[in-house]
Each structure stands twice: as C-alpha cells, then as structure tokens.
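So the structure is just underneath, and the comments pick up after that.
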Amino acid sequence: MNMVNAINNALDIKMAEDKSVIVYGEDVGVEGGVFRVTEGLQKKHGVERIFDSPLAESGLAGTAVGMAAAGLRPIIEMQFSGFSYPAFNQIISHVSRMHNRSRGKYKQAIVIRMPYGGGINALEHHSESAEAIWGHIPGLKVVIPSNPHDAKGLLISSIESEDPVIYMEPKRIYRAIKQEVEESKFAVPIGKAKVIHKGEDITLVAYGAMIREAQKAAALAKKEGISVEIIDLRTIYPIDRETIAESIKKTGRIITVTEAPKAFGVSAEISAIANEEAFLFLEAPPKRVAGFDTIVPLPKGEHHYLQTAEKILYEIIRTVKY
Amino acid sequence: MFKEYNPIKKKRLQIIDNDGKVINQKLMPKLDDKQLIKAYKDMLFARTADLMIVNYQRQGRIYTYPPNYGQEAISGAVAQIMRDDDWLVPAFREMGAYLAKGASLKELFIYFMGYEDGSLFKNAKNFLPISVPISSQLLHASGIGYEINYNNKDQIVYTFVGDGGTSEGDFHEALNFAGVWKAPVIFIVQNNQYGISTPFKMQTASDGIAIKALAYGIEGIQVDGNDFFAMYKAVEESAKHASGGNGPVLIEAVTYRKGAHTTSDDPTKYRTKEEEEKWDETDPLKRLKAYLIANKLWSEKEEEKIVPQYKKEIDRQFIEAENYGEYALEDVFKFMYTEMPQDIKNQMMEHEKFLKWKEARS
Amino acid sequence: MFKEYNPIKKKRLQIIDNDGKVINQKLMPKLDDKQLIKAYKDMLFARTADLMIVNYQRQGRIYTYPPNYGQEAISGAVAQIMRDDDWLVPAFREMGAYLAKGASLKELFIYFMGYEDGSLFKNAKNFLPISVPISSQLLHASGIGYEINYNNKDQIVYTFVGDGGTSEGDFHEALNFAGVWKAPVIFIVQNNQYGISTPFKMQTASDGIAIKALAYGIEGIQVDGNDFFAMYKAVEESAKHASGGNGPVLIEAVTYRKGAHTTSDDPTKYRTKEEEEKWDETDPLKRLKAYLIANKLWSEKEEEKIVPQYKKEIDRQFIEAENYGEYALEDVFKFMYTEMPQDIKNQMMEHEKFLKWKEARS
Amino acid sequence: MNMVNAINNALDIKMAEDKSVIVYGEDVGVEGGVFRVTEGLQKKHGVERIFDSPLAESGLAGTAVGMAAAGLRPIIEMQFSGFSYPAFNQIISHVSRMHNRSRGKYKQAIVIRMPYGGGINALEHHSESAEAIWGHIPGLKVVIPSNPHDAKGLLISSIESEDPVIYMEPKRIYRAIKQEVEESKFAVPIGKAKVIHKGEDITLVAYGAMIREAQKAAALAKKEGISVEIIDLRTIYPIDRETIAESIKKTGRIITVTEAPKAFGVSAEISAIANEEAFLFLEAPPKRVAGFDTIVPLPKGEHHYLQTAEKILYEIIRTVKY
C-alpha cells in the first residue's frame, strides 16, 4: 500500500464498521478527491455517507460541528491545507471548544483531513505547512504520518478519537512509499512519537515528508562517522516530550527538521522542550532546520526552500562539531 | 402562505395591530385560551427576568449581559411550538427560547456570572450553548439538519441570528448548505435594526432580509416580530414545511432592541429618543396583552399579582446562582479533551505546586 | 434592460442562437465590422493559446494549467469594453481578459512555469495577480471600488469567479460590501456547470446565480455566456450602470468548461460524452464565427491563414518564457517586505553559506 | 494620556496628515468603537474616511487588500482579536502575500488593529492572545505596545509602514496606565525591543499587559535580592534577537512571560532564540511563564489562568536557584 491506499483503507474500514462515520468535502464523492484518496468509497458506502459539499470550507467545518454535536463522526476533507483557512474561525472557535464550552455534553469527534506540504510543483497556496498554528490551538489534536502504515493506524485512532483531530497528509509522499500494511484494522496511538532509527551522537526530530530527508541525512552522516537517532514525531499535539527528552539525554544534541517557516514554528517548540526536559544534557544548541520565514516559492524557486538531506547533514556536522 | 408572502412581494406578515386588534383573521393561528395565557406569561416572565438581570448587572453582581427587551414575541412564539426533541441552536438574545427548551434561569445566571458550567443546561435536550462568534452557529444548525435527515428523525432545528449577523460569510454558507441538503432548519433572523451601533441600512443594501432566501432557493418570509400571532403563524408554517422534507425556511422577524446592546453599551450615542418612542408603540407584550384583555383572558390585576411572584422566583434563582461556589482549578483543564493529555495534567500539577509555594510564603 | 431581465423573471439574455442567427435584434449591441473582427480574433487567439498550453503541459514544459476552452466569449466581451484605467481582479480562468489588460502570454507562461515574476504584468495597469483561493479576490474588487468612489475616479472594476465560488462566504461578503458602498464593480460569475467535479446543482439550491443579486439589493442578470453579443451587451450595460454611481452588477454568464478543470483533472470521471456534445453546439467561437461568415466578415480561409501565425507567435513567446532563466535565491526573500528585515537577510546568508559548503564538498 | 487616548491621537494625526489613511470596522464610526478608541474621529474627519462596516471580518480584511492595492492606507479594526478569525484566510492568503505575489507592484500598507488579551471579565472569545499565530505567518509584522507612549509611536510607525502590520492592543491596560505623551507626531520603530529595567541576574522578556506583571515581579524579586532585567519585546515579528541575546549574555538566565497558550507560542520562539544566540551563556534552562494549553476560562476561572507577578517571581526564584 502507498499512503493514499492506506488512508482510503482506513476510511473504508471505519465506514463499514460504524454508520455514524460520514465523509464529505469538495470533490470527495464521485471523483474520489483530487488526490483520489476517497476513490471508490462512494460506490461502496453510498452518497448519503460520502458526498461532495458546496465549495465552502467554513461550511464544511461548521456543519461538522453540528453533526458531531448530534452524534455523528464526520470526517471532512480540506482539498489542500492552504485552503483550510476560510474554516479557521469554525475550527478555533467551535471544533476545538464545543466540548469544553458544553462541559463535555457535546463531543466533537471530528477528523479534518488535509494534504499539506511542498515539493509537488504546485500553484501558490498548495504547498503550505501550518501545523504549528493548529498545534497552538487548545482543544485540537494534530497528527502527521510519515508512511503508509502509520497513516492507516493514526487515521483509525483519529476517527475513533472522541476529540477533534487535524489529520495532515504529506502529499509529497502520497505515492512515494510502498509498504506491506495489514488489511485488517489496527491503531497507531495519537501522542506517541517513535524512534525509527537508533543512534548515539545526535537526535533528529522530524515528521511527514521530512522523515525521508532525515533518513537520507542519517545515511550520509554515517559515512562521516556520525551516528544519528531519528524520532518520527507523528503527533504535533499532544507532543511526546518524553521520547524527545530521552533521546537528547543519550545524544546530547538535537536538530528539528520541518518544512514550515521557522519563526514560531514546531522547531521552536522542540527547542523549548529540549531546554525544559534535558538542559543539562545539551552539548550544543538545539538547532532548527526549517523553512525560511517566507512564502513557499512557486515551483521554479521551491528547491531553494525545501529542506534536503544535504542541508540536514550540514547542520548535523555543525552541531556535532559545536 | 409562503407563496402569498414571497419576499419579492415585499409584504410583511402581520396579524394584530399595535393595539392588539386582529387585522388578518384569515391567518390567525388557532390557539386555545390556555395556550394564549401561557404564551403571554412566558413572555412576561422573560421580560421580568431580563429587566432584573440588567439591574443585577448594575449592582455588579453579574457580568456583561445582552438584554432581550422588546424582542420577546419571537422567542415567545418559538417557545410554544418547539418540541422536546427539536434542536435549539442559539445566538445570545433569545432567552424565552432557552427557558422553553428546559434551561433554567439559574443556569443562565451561572453562565453570565462567568462559569462554563452555566452552559450545561442539565434538563435541556438538544440545546447547544450560547454562541458568541456572530453567525457561526448557523452552520451548526445546518449540520444538525443533515444528521436529522441522515437518521430519518422527526426533528427540527431552530436557530437564531441578528440582522448584523446576516453580513457574515457563515450566514451565506449555512443557508446554502441547508438549501442543498434540504435540512429541516428554521433560520430566525431577529432584525432589531441594529448590530450594536450599526444601523440596518449599513449592513446591506437589500430590501430587508427575507429576500435573501431567494439566493438559496429556500422559503423566506418577513414577519412583524413584535406581533406574537404573526410570529406564531410563521413558525408554525415553517415547522410544517421543514418537517415535510421541504428544506429550510428563513424567517425575518422585524423587531426593535429596546434596551442596550449589552450592559456595556449606551444606545443614546447612536439613536434618537423619537425613534425609540416610535418603536415603543409596537411593543410585543403591550400588543398581546391588549388582545388578551380585550378577549377577557388577562387583566392588569392578574399582572400586578403575578409579576412580584416572578420577581421572587427570579431572585431566588439568582441568589442560588450567586452561591454557586468556587471555580476549581481542575475545571480549567478537565473538559479540554475527553481524557486529559499528560501535558495538560502536568501544567495543572505545576500550577498546584506554585499555589502551594504561594500559600507557604504568605 | 436590468428590469426586463430581472432574475425573478427567470429570463436569460441571448442575442444570437447556436447557429449565429440574431434572435434578439432589439438588444443587439452596436459594433462596427472592425470591432467585430477584432473580438473574434481575440477569442480565436485565446483559444489557440489555450489549446497549445494544454499541449505544452502534456510535454512537461509547463506546470498545472486551468484551460479556458469553451468560455472565451466571456473574457472576449470584457476585453472589448474594459478600459486601460479600469481594474481587472481575476480568478484564474479568463485569459482573454488578461491579454486585453496588457498582460503578455509570455508573462502568463512564466507564471505557469513557476515563477512569481510571471505575475508582474509590466504593461498591464490596474491588474491584480491571479488569485487562487476561491472567491477571495471578490473582496479585493469591492475594496478597489471603494477607493474609486473615495477618490472620485472614473473607473470600473471587473472581477471574475466560478459557479463553485459562489458558495464561499467571501462571495457573500464581497457583494454585500459592494452593495452597501455602491462600489462600481462588475462581478462576473462564469457558471461553467462544474466546480472541478462538483455539478452546479450540488453548489446551491437556488435557481441560477443571477438571482443572488437580490440578496444584496444590486442588479443581476443571467446571460448566455457563450453568446458573444449577449455578453457584450450585458457588460456594456453593466459598465454604464456602475459608472453612473448606481453600484455593482452581478452577471451570471452561463457557459461550459469544455476542457478539464486543470491539466491534472480527468472530466470523464464525472461527466458524460452526451452532455459534452450537447454543450458543443453552443460553442462561443463557432457561433460568433457563423455570424461573421454569414455577414461576410470572416472566412474559413482567413482562419486557416491566421491560426498558424498565432501558433507561431504563441510558440515564440513560450520559448522566450522557457528561457527565462534561473530563479535566484534572493527572489525568495526580496519581496516579502518592502525592506528585508534583518532576520530574513540572515536566513538568506545562512543558506548561502550552506550552498558554498555543499559546493565545496562535491 | 492613557492607551486609548494615545491610539486615538495617533490615528487623528495620521488622518489629518494623509488623505489616503482611512479607518473602518464594526462600530468604529458614530459610536467610536466598543472601547471608544476611535471616538470623535468621524466628526473630525468625515464619514467617508472613518465609518462602520457591515459585520463581516473577512470583508474587512479583504476589502482592505483591494484598497491598499489601489493606493489607500486602510486601518481596520477587529472588534476583538477573538473575532479576527473569519478574516484569517484574507490575512494569510492576501494581506501577507500580495506584495510578494506581485513582486512589489502592489503594496499592502494595511494596519489591522485588534484589542487582545484577558483580564477584563469578558464573555468567551474576548480574552484571546493569538500573537504567535500572526508571528508565524510570513509577510506580516506584529506589534504589541505596553504603554501609551509606545502605543502612539508604534501605531504611527505601523500606519507609515509600507507592509501590513497586525497591531494588537492589550485591552486590559487600555485605561490603566497614564503617561505624559507628546501631542505631536513621533515614531517608535517596529522591530526594536527595549530594555525597560536594567538588571544583572535574570532576564524577563514580556510584552503588552504582561509588562506590568513583570515589573511587579521584578520589584518582588529585588526584595529577595535578585536583580531582574526586563525587556519589553514591543514587536513580535520581526523579533529583536539582538536585544534578547545581549541581555542573556549578561544575566545567563531568561524567562518569557506571555498570557498566550504555551505550546507553539511566543515563549517557545524565545527559548529557541536563547539557544541559538546565547547557548554558552545559559546558566539555567530558558523558562516559559505562559498560559495553560487550555481555553481562557470564563471570568470566574480566569484568575487561575492569568499570569501574575507572584507566578513570575516563583519561576524567577526557581530559575536563579537552578
């Protein structure tokens, strides 16, 4: 399975299992979504359960709030994360708050799926990475898989979560990675990072499409005699401080890799956590390998912006030599 | 009726005049005496409470409050028709509807005293909390409407918004979604002529709000919102329409906010005494009362007797609310998620440590 | 004309039929032969370019592109009327209008090849860049309209959106603001029956889009968007209306997207051959051409002669665009602010250090 | 002048000076805004130049984009920062991007004013602090004054900025601080923090209403024999790394005080900067005194949430003892 198949499979399983699960969004029905993630599901589960919505993202999120309050488990798709912003008010004012506001009376078992990130030679607004913004909003969970297996397991967990989940899909690797993935249902827990590569000298924290780059960087670093530990964050919020802290306590050095803008981003949070959880173990300043504080350039300029294995290696070497 | 009052005809549904005389017998809703008296009492109770809350606020015993004064017929009509199972998706200026849904004044007081607990509405089924971001609640109503259709339920959603709220994008999206989905939602716009200080003519160039229904292919009707009978009739027909699988209705209830926008507002800054007096003539309680008295269903004496009883009851609930007690630290954290994430637990524990330190120091 | 075609009458403005015969002489716009030929040539050029771009894209020489195929009469009409000083606030599917505004194909190619520089439009005055977030541009048009009134300018704003785009909240807010401000904006909805794969009937329950004008108290008109003359007439009258201080107009141009949504889309997934063929009969170029030929203003021979010339010219500009050159690192940073903040400068310098290191290593 | 007067005064000066400056928003006209910040300006400058808008925040921001492209300098008011979210798409997709997208052809000399922050016993959504979100968006400047003088000077700079500025007003101290403020025009530069209190042992970075708390905490700390340096950040973005770094190099310790949620917030960015700019000088982990990662409670619970001088003192002592 590639990631597209895995997500489709998770949706299929949960729709089959639970009639309260419904899926809607722009073009998710007949067409199966612009990335074909929901392909075939309308045929199988019917137009009442998976359907095209009018072109209105606030409408998507706002109606989901009502459906969830009434007991459904809506899964909505934002066609691109860069087009989720018209829904911002509904998400920050209601999706994330209704449960608290009603003192637990009204659940918000909502999943908001959105492809995100750069590297696909797309038009403006199609390459955004705004996970830090969602992470900063109390009441949301924010999840990002880096491979088909996790994509499936995390989506199952997200759909089963009683609380709202922003489920961000690294579209750049939608079809880039194939894995054997169990056909039957399994869950990957939200809130747990995973050490996907053991190492001794330095910790790399990454997620989504950056995992691939981190892995390549680790391979390059190995040739330089540097042993890299890689943590796949998997959940942006609630963030897994323990796994990060433990790794730093071993390696003494940490770099966060993210394609989002640097200022006020995920990498800053991880620097702060490094300080709070493992200050005395730090042998070099926690480093941020992040996007520039600029707009993602159009395709011809995107290579300047994207984080590469070499850029990571460069910072690994600088940090180890510090 | 929706044909007769199609908004392009620029007609406003009215059944009694300012003196409570029936001017539209044909559309007079069938209500028996008991029902009529109950309706009036509901409105009277709501108004009594409303005026008292404004006083409580002046005494510093409650925080900011948005008075309903002058708009009671709208909620009053909904209150008589809305069923237990129906949904109520409120804005913040329709107290009569909340009470009808099963909310207690005490809970509302607790809410306006600054506790989230006041949104729990223990005995109210299918009642969302008050929604502050203007118009955003309308989409929730459309979503619930989808659920009702999806599960073939016999329910209707009542939702409220102000004239100012019709300018928000969410108003448009909510009515559009509901239209496409044929969702059983009654959108009630309380056109009270102002959004805070902004007069209606600065909200939109359209001729009223009911006409906006045409943009969504749904029924719309403009109603004299200070005429209880007209409101009753409109809501009754809308409920039939929506229940029958015919989709949503937009009701424009033309009314006037006799009080301030909220207790922090001073309307003398932006409107004239003359205007206020003109609208006073249309006061909804005055009109229904005149009708009832003319029909020997009510008297000044009864009113003089009952209002003090109401006041006592309201005050009792208010004092109960005032004794609601401490806001526990845990209440800040407890409902953020169904289960508290470790991080949030830690933040709470760290804060408790600080509180201990603080206590030890003092 | 706006009265005659008031959307509540459910009439669609049409002037020629599918064979190019005039069926509405009364409203036939006055255009001399030269103007007519120019209009057709503009449309022919746009279509020729459009089809070539789709091919370039297949060859991997340009990125995602949204074809205009089938919708050329809409931009074609605007192109004849829009003045140098008027504003054009585009969506992304009205190439003919861009060219009329002074944009070059070369610039458009540069844009779709993935350079921001392609949005510079050096010779185009008052032309905002292509706007990708659906409907968001409409508010920019309303804002410009305010500026025009504020400074008493003799200008009009032309802005475009699709049928899908009418579902967005920004559509509502833009028309509402423009209505209240009496802003001289012409909102042109290209109702091409689909928003990507979503058919119009799933966007809204309303009977067309023109009727939505009533929600804003502004003029609206439904037009056969594949009829050049009808579009011309509608735009001409709208421009007069808006210039005269009478506020905005909403034009619904009923058309069909003959091509794919973008070069990444496959319409066979969601629509039928029969439907496509039915719409083929209304093709805007075919119809205008038939009119011109019948009036001896054009011939197949002329067309055969001119199309290859167009192709050559288009290809020349395309190749020039292909040689546009490197995207300098600095271009990522340079325009973020009028002056680069130190932080951003540092980020650029740090990246240059890395690039040097990388070069040294290899 | 208090802060309300100072802002009013700055608006007045710029409106008098430059006809391209116009002001609009919900209730800013006849009423002068719900906080009376624009009181009297309509009488003076006319209804064409300062007026009530329809109740629609996306409309406010979106029309400002067009006006600014056409050469005006619109100043719009979001009635509360918690109601700025319907405008989020316009701000992130256009206000912050139009200049870059058009390669400098179309300026966005827009000021978006918004009262923010807690402590006024308000209804839900009236106590938000979302500056980190704005700070994370490339293309915006984000400014927060802490006193009347700076409020005026920073607003003058914001209106004169050719780039868009999010100007956040700590409403809790709108009328709490009175200062002598020059009546004539002066500017406080954007992007420069200010050391408002010299000290040796520890650095407090704060802004907006938290400056008062920081000052009180410094006074309390003094009694404990701890000398505190206070930096008033004044600009969230572009953030003044130099001033922060210099102070840490002297004190070796840093605490950021903010009323916004902690995760992915401003205080994380400052922790990251501390690492990057002054790692070897750090004698204790950079600390975040921030809001909980929860929704700001309604008034009766707000005391739990708000940062106080004592809480800051508590963390000062812990950090100094570290």
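Letters are used for the chains, namely A, B, C and D, taken in the order the chains are written, and counting of residues starts over at 1 for each.
Heads up, the rule we're going with is that a residue touches a chain if its C-beta (ideal position, glycine included) is under 8 Å from a C-beta of that chain, and two chains touch if they have at least 3 such contacts.
This is a predicted model, so every value here is computed, not measured.
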Item checked: Third chains touching both chain B and chain A -> C, D
Next item on the list: With chain centres defined as mean CA positions, report which chain is farthest from chain B.
Entry: C
Margin query: Just the number, please: Cα centre separation of chain C and chain D in whole Å.
Written below: 40
Note to self: Suppose each chain is reduced to the average of its Cα coordinates; what separation in Å results between chain A and chain C?
What the structure shows: 35
Next item on the list: Could you please state the distance in Å, as a whole number, between where the Cα atoms of chain B are centred and where those of chain C are centred?
Entry: 44
Item checked: Residues within chain A bordering two or more other chains -> 53-54, 56, 58-59, 82, 85-86, 89, 93, 100-101, 124-125, 138-139, 239, 263, 292-295
Next item on the list: Identify all positions of chain B at which a residue touches two or more other chains, and write them in rising order.
Entry: 116, 133, 167-170, 173, 176, 180, 202-204, 336, 343-344
Note to self: Based on which chains touch which, is the overall arrangement a line, ring, star, complete graph, or other?
What the structure shows: complete
Notebook entry, point to check: Which residues of chain A touch chain D in the complex?
Noted result: 58, 82, 85-86, 88-89, 92-93, 96-97, 100-101, 124-125, 130, 132-133, 135-139, 237, 239, 260-261, 263-269, 271-272, 274-276, 279, 282, 284-288, 292-295
Next item on the list: Sort out for me which residues of chain D touch chain C in the complex.
Entry: 22, 48, 53-54, 56, 58-59, 61-72, 74, 86, 89-90, 93-94, 98-107, 138-139, 141, 162-163, 191, 238-239, 241
Notebook entry, point to check: Touching chain C in the complex: which residues of chain B?
Noted result: 8, 167-173, 176, 179-180, 182, 202-207, 211-212, 214-218, 247
Notebook entry, point to check: Along chain D, where are the residues that touch chain B in the complex?
Noted result: 26-27, 29-32, 34, 52-59, 82-83, 85-86, 121-126, 262-263, 292-295, 297-302, 304-305, 310-311, 314
Checklist line | Parts of chain B lying in touch with chain A, wherever the complex brings them together | finding: 87, 89, 116-117, 119-121, 126, 128-129, 131, 133, 136, 138-148, 150, 169-170, 173-174, 176-177, 180, 334-338, 341-344
